[in-house]
Each structure stands twice: as structure tokens, then as C-alpha cells.
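Each of the next two complexes has chain A plus one more chain, namely chain B in the first and chain C in the second.
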Partner chain A sequence: MSTVSTSASPLGAIGGATETSRAARPRSRRAARIKLVVGGVIVATYVVLALLAPWLTSHDPTDQDILNALQAPSATHPLGTDEAGRDELARLLYAARIDLPIAFLVTVLPCLLGTALGVVCGYLGGWFDALVMRVSDLLQAFPTYILMIVLVFSLGHGVRSLLIAFTVVGWVVYARLVRAEVLRIREAGYITAARTAGFGTPRIIARHVLPNTLRQTLIYLTSDLVFAVTALAAFSFLGFGIQQPTPEWGAMTAAAQPYMTTNMSLTVLPGLVITVLALGFALLGDGLQDRKGNR
Partner chain B sequence: MAHHRLARAVGAAVATVLAASVLTSCGGSDASDGSGDPVAGGTLNVIRANPFEGFEGDKQTLNSSYQISQAVIEPLIRVAEDGKSLEPGLATSWKYTKGGTRLAIELHPDATFSDGKPVTAEDVAFSIETWKAGPNYGASFGTIEEVEVVDEKSLVLHLSAPDTALVAFLAWANAGVMPKDFGGRSAEEYYQDPVGAGAFTVEKWSLNGEVVLEKNPDYYQEGRPYVDEVVSTFASDPNSVTLQLQSGEADMADEILPVTASTLGDSVYAGPEHLTPVLLMNTREPELADVDVRRAIAYAIDYEAIADGALKGYGKAPEGALPTNTENWAPPSQPYFSRDLEQAEELLDGADNAPDELELTYPNDASSSVMAQVIQENLGEIGIDVELRSADTGTAYGAMSSGAYDLVIFSNNAITTDASDPAWYIVATETMFTGFPTDEAIDILGRYASTQEGAEKEAAITELQDLWTEQAPYVALAHTPALEGIRPVVHDAHVTPWGVYYFDTIWKSEG
Partner chain C sequence: MSGRFAFVLRRLLSLLPLLLGILLLAMLLLSLAPGDPARQVAGPRAPQSEVDEVARELGLDRPVVERYALYVAQVASGDLGTSVKTGQSVGDQVVDQLPVTLAVASLGVLLALLVTVPLAVAAARRPDGPVDHLIRLLAVFGIGLPTFWIAIMGIRFIALPTGWFPVAGTGEGAGDFLRALVLPASVVAISILAPMVRSLRATMMELEEAEFVLAARTLGFRGGSLLRRFQLRNAVPPLITVTAAQAGYALFGTVVVEVAFGLPGLGQGLVVASSTQDFPLVQGYVIVFAVLVVLLYLVADVLNAAVDPRVRITA
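Presenting the complex of A and B:
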């Protein structure tokens, strides 16, 4: 004797899945919205704190008071003082004015270069495409951090070196991403129509190809900011990035390291600030990605 | 700030004008800190601040290496507890004769190597030839023309010229006594597994890992060493040092930073102020070639802030260009630099080529970092914008020795008992890599060596201090003590002003 389960019906399964999917979509949209809002609030808070830093503290972040170094929190110094007697709160706030713009720059510059190369390679193909892709293969063969350290070490300390190192290493992903999108788009009907209508290549790229690749690029850029924030901190921690006495979170963490057993907050606070900002950018990136998926 | 001494040899190479002197020293250390009679046994766990470079004396540049090496391959003479005088060791006596051109040495009758064979004059003669052949430090023994073996326990060194500094160098850790012909092995085999007449034998060693030394039962000093074993581990992180000392995992920590010392309470030994952090100024650079600019920089620095802030009170404002607390040290004839912004600005105004900006390279330890920031702020006050560049010790040294720098924070100290020792180092390194001419200093040091009168030696040291103060190729930032973390159960660690000590005097009041 055999029995047949009605629930095993293929139709039933399909119907169930469809219902689940329909039910899950609003939840997924809600989750994406929450991520975007939380991430946005975090990042916006940092931006606001950076802008308002001079009004939020009366201390100059580089003013030394060496005889009052490593002081515990007090009314004058709410988060205490660092190894050179500088106000820790002021340094944390002003560091946002350094870290945020640099993080933005070291992400945007490779994005611009990579996008430009990706579009040209994808649309035109040929020897230029082959050359750029081989160069990108070569760069991707190196461990990212090692290559960047080598570049910064040879170029010397400072922001300029960081910008060059991040751009040299970072454009590859953007170029590949955009090239793949362009390869898909260039055979689309509206591109063919544009060509048939006699539009020139620059116009087609600028008006029809590029705008359609930007969404994916922007999502990746947001995620890349997470890498930029942590990598910047890492470089400064290693002594390759921003130098003392400029307030910078990574450098502050490094400078405070010898005082871990006595003044742990000097290490923990900048570390925490970096972590929360990275989380903010990560949530924004995830939220954008999720929203794109839902569409 | 690693207290190291490279290119010592070059200094000794120019020490050809040396004078008659009779040094028949012999101070003594009663090796007691009032904690009662020494107790034998136990393991001494030591944290060293730097890698151990191996047992080949000529290749050693760091205190960590000197300390371990001399415990196994002991030198002829020992440094006394006061760090300024010498005391008998393998050599029970030494005496200059013939106007200081002969040095007669008697060896301890019971001195044996750890393989049980006696230490003989032949062994010492072989050792001296080995030291002399060293490319780095060989010239320190360059005045020894011939070694005459009188009998098994006596020898006479024939010198090309009177050399008053030689005895101090015979107490130097790099000058360990080795068996003749390396005991029948190759040099490489010997240095890998050395046999010496020191208080300990080698159980195992590595550059960055553990060095384990075992008690030498045949050691010539009755009752010593007290501990059965020394285990040396390398840790440079101040937090790790603090935690290991506080937990009792380590008994001692060498060359600790002021920031570490400030967390250790009573478990800190601070010697006499001696180690001298310095700011080197590259006189090859057009702006820094101007003595007025260099002196302006020296007057702008807040030495009190450096001593009290960067060095956490473990130090004092500089009293001269040379490390203090050595034999025959004397101050400059005029007070050394102190902060005087008015004077600094005046000098800078009169300078033809005053700099707007300079780069300051500093080793990335906590003290140097704060000193660099203090200097940056100080020079900012006289209109010089200083860009800081942190570097690991090796990179900072590389920049300095290759002349690729404007300003560098470095450190000078003696490694023997004599005031001329750090001065020779300065001369040997082209005024500590600043490129400042050394002719005048060499002349003064020659006169120092040619007299046996203490007052004349001190006068020569004053003359040197004046030269390096007036010309300011570098500026001393402070004088700071060697800092040693020592748990209260550890006794009789006699740390020299430059931070080295003998393991064999140490005992522990608990296992």
C-alpha cells in the first residue's frame, strides 16, 4: 500500500515558496531600511561632530601640557590627557576632521580612476583593455597591505603617499566591476539604438553607459570606505601614516599603546571610534546592497 | 633608546697618542644590599630589552648581548659595583711599567673554563689576538703590539704607546677570555656553543627567543654564582614587561623605559644619571651648518619638560655634552644649554640661513616620541616648523649613519668606566654622524690620554665639553639613569651606570 502526501505536490511547494518570498520581501526591505538609517545616522553623527569640533571643546588638540600628561578624566579634561598632556576629547573630535576627508579621498580617487578605465576598457575592448586587465592581474597578485606598505614606505610618510598608495592599489576592483557592467550594457538595445542614431562614442559612454554602471560602483564605494577607515588607522598605527602631533585615530592608538596598563582608555577610545565608524559605513553599504537586491 | 655602541673601533683607532699611567686599581664590591646572607639556588628570569646578538664579541652592539656574553665568556677584569672603578676578576692584578708601555697581568690561580681546563696566559694571548682581529672593535686593542707569556698564569702586554684606556677595555664585555684555538674547534663552532671561564654555561640561545644559562660548577669565584639558572627572554613591549614583573613571571627587566618604571613602584632600580639622549644636527645641511642656528635650537629646547615629562622624572636637565657619572667627568666651563627663547630668537635672527622647516627622525619608543613632540613644539616657538618622522631603531640608525636626516634623537652612553669612552665614540662616528669635524676633539683626547693626573684629565674633559657646547653639533637633552625592573626577591644586582650587570652576584630570597 502506498500513500501520497498532498504536501509533496510540486505545485504546493512552488506556491509555498512564492508566498514565503512575498512575505520575506517587506521584511528584507525593512531590514535594508534599518541598516541604511542606522549606518546613515552613525556616519552623519561623525560628520556633525567633526564640523562642530571647535564648538564642542575649548582645547586645541595639539596644545601640549607635558607636566600634566596622562591625567585621569576631570572637569577640565573630560576624557583625560594623553602622553603629551593634550586633551583626549579634543583630539578624538578633531581627528574626525582628518580621518573622514582622507578616508573619503582615498576611496574616491581609486573609484574615479577605476571607473574611467573600466568604462573605456569595457566599451572599446582591444589592446587597451588587454593591457589594463593584465596590469590589474599583476596588482591583484600582490597582497594588498604588503603592496601598500611598500609604496608608502618608498614614497615617504604623509597624506600624499597614502593617497598614491590607495589609488594605485584600489582602482583595480572598480575597473573590473565597471568593465563587467559595461560589457553587459554595450550590447543592450538602447545602446545599439544610440549607435544607429549616430551618437558619438563619448556621448554614448557619458549619457548611456556610465549612468547605468554607477549603482553597483556606489554600493562598492560605501563598503570600500570601511576598508579605507581601518587601513588608514592601520597605517598610522604602524607609523606610516599621519604623524604626531596631528590628531588621528590610528596614530593615537599607537602612541597610547605603551600606556595600556595605566591609561587604557587612551588606546581603547580611538579604537572604539574607528570601529563604530567602520560599522556605520558597513551598514550603509549593506543597506544599499540589500535595497538593490530587493528591486 | 637602545644603548648600543657601534663603530667603537674607529674611536680606538685614533687613540694612538696615549700616555704613561699606572692603573693598579682594585675597588671592591661587598655585593650586599642588606638583605642578609646570599641564598643559593633558583632560576633568575630576566626580560631583556633587545635581541641577543650571539657570543662573538666583535659583533655585539647591545647591552643585552654584553650582559649574557660576559656571564659565559668572562673578561679579564670586572667593573666594580660603583660603575666607575675596576676590580679583579680572571686577572687578580695588573700593573703598568716602563712608562706605561708594559702592562703586566696575573691570572687567578683557580680560574678554569667550564670544561674544567685551566685558564692560562696562552689562552689570554690567543683571545687578545682574536679581539684585535675584529673588524669592528679590534682597534680598541690596537696599541697591544705583543703579548709576552711569562708563565702559565702571568703575561705582559707590550704597548706601542702608553694607553690608559686599555685596562677599562679589558673589562669590557666584548673582551671575553676564550680557550686557545677555540678549544680545537672552528670559530663558528665555538661561538655557537661557547666555553668560557664565566659563571654560567650555555644551555640554549637564540636571537629573539630564550637564552638559558646554567650555573658553571667550576667557576673560580667561591660560592658564585648563586642562582642555578638564568633564563633571558626578549620583550620590548612596556605593557608586557610590566605584567610579567607584576605577576612574578619575570624577576628582572633590563633597560626599562621611564613609562614602564613609573608603573612599577618599588620594583625599580634607578642608577646614577648617565644615559644621555641627544639631538643630533646634521651639519652637512646648509641651514644646520650655521653654528648660530644649532645654538638657537639648543636654546629653544625645554629641558625641564623633557626630564619631567618625557622621562617621567627619571632624569635631569643636561649638565654637559658628555654622559655624567664616569671617572674623570667634568662639566663645561660655562653652564650648559638651558631654555632661553630670547637668546634663541636672537641667534636665529642673526643667522644667514635660518631654516623654516626641518625633519626630526626619532626611534618609535614612548620616551623618544614625547621628546620629539616637545622639541617640535619648542622649535615651533622660534619659527621652525618641525616635521616628525618616527622610525624603528634600525631605520633611525640607518638614516643617521647615512647622513640622510636633519635632526635625529639618539642616545650616548659609556660602556666602560672612563669619561673618555663616550667621547671616543663621538669622535669615532664623525661627531655622532653629524659631520662635525673631529680634529680638535682628537687633539684634546690625545692630551687626556697622555696624562695620569686626574685634574689634567678633568681639564681635558672640560675642554671637550666646551667645544661641543660652543659648536653644538648635537645637544644633550637630559641625563637619565639606567632603569632596571627588579622584584623585591632579587638581591645584589649591581647595575652599572650604562645598565649592564653581572648575573653571578645575584641571589633570590625565594625560589
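Presenting the complex of A and C:
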């Protein structure tokens, strides 16, 4: 198992260490800056649009109007209406208030859990480390998504299940990442110095070990957001995630699929919105990775 | 030869505890589910005595350890259980649906490999050149494309206007079946492509600076023969590893693609089974998917050992 399972993260080689060995080049440093700026602008735009949603549209995203279903764009409905006569623009905007925070949560929760376990495993070692690593082996042997589908199935639909499913699956990569960093740092001179100075283990971990693992974790976290955004939507598309009528991009796409010949934009727009947001996170992650490679 | 055989055997044996763990996890996870499975089978209006009877039949009244042992014995004898909704054997259903899923996933991985190699080689030829930047940009873009959306766009903008491919289902006969696979497999390929290109590109660039490549160059190897005989050959093991990881991911892509294209595969079966709350069916699918991934990693390890003797010695 050893050679494959460690890289079996959802994103495969993203943020992998393989790309860091290149020497610094002025051009790629500039490219990294462009990526960071473009990615940052995209993500910031989404956040602003999500925050301002109630002021950007006067429609309620869940208000049904069956008589005006599947309308073409008009003055009252700038992007038309969906299969239940709900305003498409309002749904796209309000969906950002669902997808963005949940995507953020399903990335940060596994990161926190994984980091905590990784630090303890790496710093203390012993039976606890062995146990956690065996559990993570087992989890990685499972196909990530199937495990998540089963968890959502077992726990019932809804946000809580999604959070649990993403956390149960997602902590592994962070734990391994942080554990490896901690193992590397543990023998560093400044840790020995801190120990010699009489600092206790909790303080050494919090003040000297953790900060040094943060950068690597942050890079992976940013790439992981790409996965979170698309996976969340995919889950809702399959009917496991957020359910209609709550506005959510994946569920909107699934609901509009029967009408794709007559009302093409209802399937095109939500996917486009997801793609651009994911691209924003991907550019941020890539830019961070490039910049790190150049240090 | 015997070394190779021993390696495969050792790997196979090391899978046993993993398979036992998978069965345990599948059983424990599904026991988390709300509601009483026996009540589900007996029906909502069945009297309690009947529910108890069903529970006894399903072995639900026994302690967990005993249930686990019975379950392992049952699966080992090739019985994955019976669907509580249709009464059909889970094994039969899986056997019916497996070919579709395997065909879509393996064709997708194959397509992805066919695209990965030329793209990565082209990108690595001149690092930070225009081709490299374009390919890296495409890779970043590819990561963020939602699989279900590419599938639907494929139906809307390729299958519907041209009429070359069925919009849903697999049709009749081998020709229709193959035609029905083209778009789904392409979508799966797109969904797994980016990390493969990035990984192979990075490997090729590292190899560009390797000492043996430098030595080969000094000896007069140039262009194609240098690429084939020294660089690509050494890029194979990491490529196998990333391909295996992405092939595992392709299995989920297949779930989404099967739902979008209405293909009667394992993925669609799993989605339907979980929406109808069919416990034994979901459990069976989980095990089949997990076993597929385990086998996939085994194949990757064996392939790696076949192309790289160092793996056989150290592992």
C-alpha cells in the first residue's frame, strides 16, 4: 500500500512537494503574483456578492411562482426564472451564502482536526501515533467519495452530515502533512533549545512547532477549497447534499437538467459560477505554492 | 521470477487485514444510520413481533462481534446479501452493473494517460515557456471544473446537437455500448487529468537535471531517443502512482457521470440504493467500491515492482 496510499488525496498531486524543487525564476515569481492577485480578486468578489445579495436583488430566492416558471430573462427577472418560477439571479446570488461558508467549514474543520492529531502524533509518537496512522491507512484505502456518500447516507441529509463526512475523510491529509513537518522540526536546534530552557511540551508545540507547520498547511488548505467547492456541489447534484428549494449551485443544476434544451442557461450558469470560484481558489493555491517554491 | 511472485503474494496477504477493516467499517458506518433496518424490511405498519422476527432473521439481535463474524463469513462465501426493497441478490445486481462502471472508469483513465504524456512532455521541454504556461493554466482550470457540469455540457453541446451519442442509457448491442461510453469516459478523463499532467511535468523537469540524463546527453543521446530511453522510462513509476490515485478518484467521477448520463452502473446503483434506504444494497456497493480501490492500488504496486526492481527489494 505504502507507495500509493499516501498520495491518494482527493486532489492527487496538488500542492505536492514535487514542484518545489525548481530554482527561483523571476518570471515564475511574477506569474505567482498574477495568480495570487487574480485568484484573490475572484474570491473577494464572491464574498462581496454573497454579503450584498439582499441588496442586489429584490426577489426571495425561494419564492415560488409556478405560473411564471421557466421564463426568459426580463426586466423583473434579469436571468429568467427556474422550473418553479423562482428568480434565477436571486438563487445564484443567495447560493453563494450557502456554498461559500459551507465550503469554508468543510475545509477548516478537517484541517483543525488533522493538525491537532498530526502535532500530537509527530511530537509524542508512541502507540497513539501508531493507532492514528493505522486508522488513516484504513480511511485512505476507502475511496474518499464513497465513504462520504455512506456517511451522508447513514447520518441523513443536511449540512451537519456534510460537515461530519468531509471532516472524517479530510483530516487524514492534514494529519500526515503536519506529522511529517513535526518529525522534521522536532530535532531542530531551536526545539532542543526551547526544551533546555525548561519550556513544557504544550508550550513548545503551540509556540515553536505549530507556527512552523502553518505555511505548508495553508497551501494545502487553499487547494483543498477547490475540492470543497466542487465536491459540495457534486454531492448536492447527486441529491446527498443541500436540498431544493434552498439555493445551492449543484442542486440547481440537477433540478434544471430536464429543461436543458429549452432553458439552457439554468444548467450553464450555476456550473459556470462554481467553475469561476474554484478557479479563484485554484489560482490562490497555485500562487502560494509557486511562491513557496521560490524561497 | 520467484522474487516477483513472492512480492505479489506478500502484497496479497497484506491486503487481508485491510479487507477485514473495510468490512468492519462498512458494517459500523451503516449501523449509525437512523431507523431500525428490521423495521424498514418489515414495513412501517408491521406488528412488533414481526419486526423482531425479521431482526432475528437478519441477525440483528446478536452482539456486534458475532454479527461481524457472521458477516465476514457470509461475504467470504461470496454472498453480499439481499436487497430489502427488490429481494434481488446484491451480488447479482453488482455483477450486472460492474461492466459499465469498469468500462467508463478504465476508458477514462486510459484517455487521461493518452493526453497526459504528450502535454506533460511538451510542458517540461521548455519550463516557463509559453507552452508550459498555457498547459499549467489549463491544469489549474481543469481542477475547478465540476464533473457533473462538464457531463451536462457534453450532453447539451455535443450529444444533443450532433446526435452521435446516446443522451441517456447504453442502448442496444456492442456498437451502441461503445458509443455511449465516449462522452462519459471523456468527462471522467477531464476530471482526473490536471493532477496527472502536473505530476508528470514535475517529474520530467526533475529528470532533465538528473545526472544520468546529463551523462546520456554527453554520450550523444539527443531528442527522441534521450526522451524515450532515459527520461520517460524513469518517469513511469511516479506516473503509475499518481495514475492509481487518480483512478480511485475516477471511480467517484464515474458515479456522477453515470447519474448525469443515466448509465446503469454501480454509481447509479449506489445513488438509487441510498435514496431508497436499501441498507444491504448500500453496504454491498460500499464493499465493492472499496475492494476495487484496494485492487487498484495492488495493481499499481505490482506494476511499480515490475518496472522498478528497487521496489521489490525494499518493500
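One rule holds in what follows: the second predicted complex is superposed on the first by the 271 of 295 C-alpha atoms of A that agree within 3 Å, B and C clash if a C-alpha of one lies under 4 Å from a C-alpha of the other, contacts with A are read in each partner's own complex, and residues count from 1 in each chain.
Following the convention adopted for this analysis, contacts are C-beta pairs under 8 Å (C-beta built on N, C-alpha and C of every residue); 3 or more make two chains touch, one makes a residue touch a chain.
Since this is a predicted model, take the numbers as computed values, not measurements.
Q: After lining up the shared chain so the two structures overlap, which partner does A:Ala282 touch, if you call chain B first and chain C second: first, second, both or neither?
A: After superposition on chain A, A:Ala282 lies in contact with chain C alone.
Q: Under the stated touch criterion, which partner chain does A:Ile66 make contact with: chain B (first), chain C (second), both, or neither?
A: first
Q: Thinking of the overlay built on chain A, is A:Ile191 touched by chain B (first), by chain C (second), by both, or by neither?
A: Neither chain B nor chain C is touched by A:Ile191.
Q: With the two complexes superposed on chain A, say which partner A:Ala84 touches: chain B (first), chain C (second), both, or neither.
A: After superposition on chain A, A:Ala84 lies in contact with chain B alone.
Q: Which of the two, chain B or chain C, is in touch with more residues of chain A?
A: Of chain B and chain C, C contacts more residues of chain A.
Q: Considering only the touch criterion stated at the top, classify A:Gln244 as touching first (chain B), second (chain C), both, or neither.
A: Only chain B; A:Gln244 stays clear of chain C.
Q: Considering only the touch criterion stated at the top, classify A:Leu138 as touching first (chain B), second (chain C), both, or neither.
A: Only chain C is touched by A:Leu138; chain B is not.
Q: Answer with first, second, both or neither: which of chain B and chain C does A:Ala233 touch in the superposed model?
A: A:Ala233 contacts chain C only, not chain B.
Q: Just checking: does A:Val268 make contact with chain B only, chain C only, both, or neither of them? Give me first, second, both or neither.
A: A:Val268 sits against chain C, while chain B stays out of touch.
Q: Check whether A:Leu155 is in contact with chain B, with chain C, with both or with neither, and answer first, second, both or neither.
A: second
Q: Is there a shared patch on chain A that both chain B and chain C touch, and which residues make it up?
A: 239, 257, 260-261
Q: So in the complex, the part of chain B that touches chain A is made up of which residues?
A: For chain B paired with chain A, touching residues are 237-239, 242-243, 257, 259-260, 262-263, 302, 305, 308-310, 364-366, 369-370, 372-374, 376-377, 387-392.
Q: What residues of chain A sit close enough to touch chain C in their complex?
A: 1-5, 7-14, 16, 18-19, 21-22, 25, 27-28, 31, 35, 137-138, 141-147, 149-151, 153-156, 226, 229-230, 233-234, 237-240, 250, 253-254, 257, 260-261, 264, 267-268, 270-271, 274-279, 281-283, 286
Q: In the complex formed with chain A, which residues of chain C make contact?
A: 14, 18, 21-22, 25-26, 29-30, 32-34, 127-128, 133, 136, 140-141, 143-149, 152-153, 155-156, 160, 192, 195-196, 198-199, 202-203, 205-206, 238, 241-242, 244-246, 248-249, 251-252, 255-256, 259-260, 270-271, 274-275, 282, 285-286, 289-290, 292-294, 297, 300-301, 304, 311, 315
Q: Touching chain B in the complex: which residues of chain A?
A: 64, 66-67, 69, 83-85, 157, 239, 243-245, 255, 257-262
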